[in-house]
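Just below sit the structures, each encoded as structure tokens.
The two complexes that follow have chain A in common; it is paired with chain B in the first and with chain C in the second.
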Partner chain A sequence: MEAAWFLYVSAILFAIGIYGLLTRRNMIRMLLSAEIIFNAALLAFLSLASLDAGYGPVGGAIVVIAISLSAAEVGVIVSIAIMMFRMRRALDVYELRKFKG
Partner chain B sequence: MSPWSDPLSVVFILSSLMAVIAAILIVHHRSIVYSAFFLSILGVGNAILFTLLGFPIIALFHLSVYVGAAVTFILFSVVMLKEAPVVEPPVKALAVIAAGVLALIMMKIFSVFTAEPSFFLNYRDLTALLVTKYWFALIVAAIALVTTLIEAITLARREV
Partner chain C sequence: MEMVIWSLMVLLGGVGLVVPTLDYLKGTKVSPYLALLATALAIPLVGSLIGRSGTLFDGTIRVSPLATYLALVATVGAFLVTVASMVQARNWSTSPSLYSLLLLALLGVYFVLYVNDASVLVAAWALVAVASYVLVGIRKDEDSLEATAKYALMGVASSSLLIFGIALVLGVIRTSTFQVLNSVPLGVRTTLLLGILMLVAAFGFKLGVVPFHGWLPDVYGGAHPLIVSFVAGVIKLISIGAFLRVLQPLIPAVADEWFIIMAFLSVITMFYGNLAALVQRNVQRMMAYSSIAQAGYFLIAFAALAYADSRSVALQGIGLHVTTYVLAKVGIFVGLAYFARKGFDLTLEGLSGVGRKLPLSGTFMAILVLSLMGMPPLLGFWSKFMYIFYSVMNVAPWLAFLGIVNSGISVGYYAQVIRYLFFADPPEREVREVESDLEVYVLTVTAVLTVLLGLGLVDALVAALS
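Moving on to the complex of A and B:
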């Protein structure tokens, strides 16, 4: 199985994520779309890392750290969304403008 | 030779379809709770693809940390939120064209990678690299994960 096929799947996932980001204003839906893009990026990264035995372990190490940081990022954004919902009763990202100091 | 005659090709086709259909459902499903659930399905599909590429350790890590922790965190947090109707921007046609063109350009770029993945990640190599070369990044990632734990506890205690 050629690496290009894995990269094609990654490109399709990336496009779906971009579509979701462009068409939604709900904060959680935008987060979920960004997570699709993150999954696509991981797949592309590992597909390219698997082509060379020298880069393979480095790619694996970077992806491990990226997944950990993504879990932290999800926590931060969900916390902001819950705080926003408690204060404004809405998840519309346009409402975030009203939080300016 | 038909791709259905090779078991690995069959696994690739099924897991890719699972990932793509889950991604479409994440964007299009009416309920956010189900969208978050489909994100975990996408994570499982991606983990199978990682295994096919020769990264079974990364696949296990993806399943345990990403699907098991991050997506579950979203899922349980979303249950706390009432789904308020949001006016979506009327750019669907434009977004479809943009996403389609983007996918075509990326596929054209990726079509040069015709080599087959011939790599299998040894966990000893991975841990040696993480401990010796990327130890600082590992500590930062661990601290970032602890902040997620603190966020979850703060949200559960309703201190904000």
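Moving on to the complex of A and C:
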């Protein structure tokens, strides 16, 4: 079954993304890691949708919706990163930790 | 019914999109009043859907009594936050955007609560998520910068997990509509479970369930309390709505695993939230950890959804506890915003004797805290003890027991707040409540509703829910 290979690639991308999200501190790098997870999800979505002729086009449509909406999220996060760089001259998320729990 | 949804879209979306343009370009200050009008009109509009059920828009939206009830609670919460913001946000340079985002996020909350199709879920989730990142950072100061950076990064991870979970679940059920799934072939059962786990993680991020809670204390503890009252009181309903609409139909196929996952998550969430709250000195951060603990109580009810004989009580419990939670969190955070505006520091010592200087708001604040704690005549007692804990009594008494133990632990910090509010020496300076303090009215409404619903309207409420 060919879809299985795409799912393996998707799982590897997912692992790379989670690793990046957990180990990186730079905001842009964390955003890129989250985007890798997002793309892994889209790949899994499309490869699973391709298995069923009836559901396939619906899955493709949802993927297109998801891609266009994630652009909005990326836009907001990049603007937050710009605001952070203007105020702090750094993009380190954890250096912000002013409050101690 | 389609007309009602259309009117809500035009009312909230239209006002939300037009108002900031008008205010920024023309320099007028009409946005607070229009937002107040829009949320006030939305209450009867949503109210007209009470008791109705059916699918709309080619099956992408499904109206049901419980979802309508949650939408009504969300609308009332948004209305109260808007009222409080008239005083709080008056001098913010970004206040037109604040009102626009409040309305758009509320619209997104409706769609998540009524969702019946994956495409609507993705769109509505993104609408609420993006609006809430901007809302948290809308003050543009250092505290909200930290809060919004963490919230947005965790949020984008949560959205990615959501897409991943939907991909796996839809790959198994082979349709984009969420419908009841009684059993799956053995070969794809693991895929379905993996998808459900991803969805639990995605919704758990927004709800503040423990392995995914890292952002919550910084956001709820760092952002402006007025914004937190909206994020904690209204936006959090999207994860409860998504649990009910997206995951609940899948439960029968994986009932036993579902119960174990939910019970485990609820136990660690409750203990973490309550124990971490015990050591806080900052009341706003303490309430943030109390939100995590409340998420644990919700998870008990979600665990009870696994079995047919506990399901109906659990659904009623979720509806009732959402009422308790929204009234209490909106009231408490608006109250904290009020104290901060009156010049009090939001630490326990800083709030010493506030209840004596500001007797009305102090008393109502204490009532809301007691309701979260689960004091008998108040609404929180009924929702937490008589419905949520009771719902698991037959299937897992130990889970109900651990919940009661946690309620006991929580008395430790809730009582601390009341002790400092009333039994510590008030500051020397002169502060008084005046008639133009709109926050006091919000506190009055939430506290009076908590008492009234607790005193006798619980039965009527439950009848409306089922």
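Note that the second predicted complex is superposed on the first by the 93 of 101 C-alpha atoms of A that agree within 3 Å, B and C clash if a C-alpha of one lies under 4 Å from a C-alpha of the other, contacts with A are read in each partner's own complex, and residues count from 1 in each chain.
Going forward, a contact is a pair of C-beta atoms (placed from the backbone, for glycine too) under 8 Å apart; a residue touches a chain by one contact, two chains touch by 3 or more.
As the structure is a prediction and not an experimental result, all values here were calculated from the model.
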(request) Please work out whether A:Phe6 is in contact with chain B alone, chain C alone, both, or neither, and reply first, second, both or neither. (result) first
(request) On the superposed three-chain arrangement, identify whether chain B or chain C touches more chain A residues. (result) B
(request) Classify the contacts of A:Ala41 with the two partner chains as first (chain B alone), second (chain C alone), both, or neither. (result) second
(request) Examine A:Ile65 and indicate which partner it touches, taking first as chain B and second as chain C; both and neither are also allowed. (result) both
(request) Would you check which partner chain A:Met30 touches, where first means chain B only, second means chain C only, and both and neither mean what they say? (result) second
(request) Using the touch definition from the top, say if A:Phe85 reaches chain B (first), chain C (second), both or neither. (result) first
(message) On the A-aligned overlay, A:Gly17 touches which partner chain: chain B = first, chain C = second, or both, or neither?
(response) both
(message) Counting contacts the way the document defines them, which residues of chain A are shared by the two interfaces, the one with chain B and the one with chain C?
(response) 14, 17, 31, 35, 42, 44, 48-49, 51-52, 58, 61-62, 65, 69-70, 72, 74, 76, 81, 83
(message) For the complex, give me every residue of chain C touching chain A.
(response) 118-119, 122-123, 126, 129-130, 133-134, 137, 140, 142-143, 145-146, 148-150, 152-153, 155-157, 159-161, 163-164, 166-168, 170-171, 174-176, 217-218, 221-222, 276, 280, 282, 285
(message) For a test of understanding, state which residues of chain B touch chain A in their complex under the given definition.
(response) 6, 8-9, 12, 16, 19-20, 23-24, 26-27, 32, 35-36, 39, 42-43, 46, 49-50, 52-55, 57-58, 61-62, 65-66, 69-71, 73-74, 77-78, 80-82, 84, 86-89, 91-92, 94-96, 98-100, 102-103, 106-107, 110-119, 121-122, 125-126, 129-130, 133-134, 137-138, 140-142, 144-145, 147-148, 151-152, 154-155, 160
(request) Using the touch rule from the top, collect the residues of chain A that touch chain B in their complex. (result) 1-20, 22-26, 28-29, 31-33, 35-36, 39, 42-44, 46-53, 56-58, 60-65, 67-72, 74-76, 78-79, 81-83, 85-86, 89-92
(request) Give every residue of chain A touching chain C within the complex, in rising order. (result) 14, 17, 21, 27, 30-31, 34-35, 37-38, 40-42, 44-45, 48-49, 51-52, 54-55, 58-59, 61-62, 65-66, 69-70, 72-74, 76-77, 80-81, 83-84, 87-88, 93, 96-99, 101
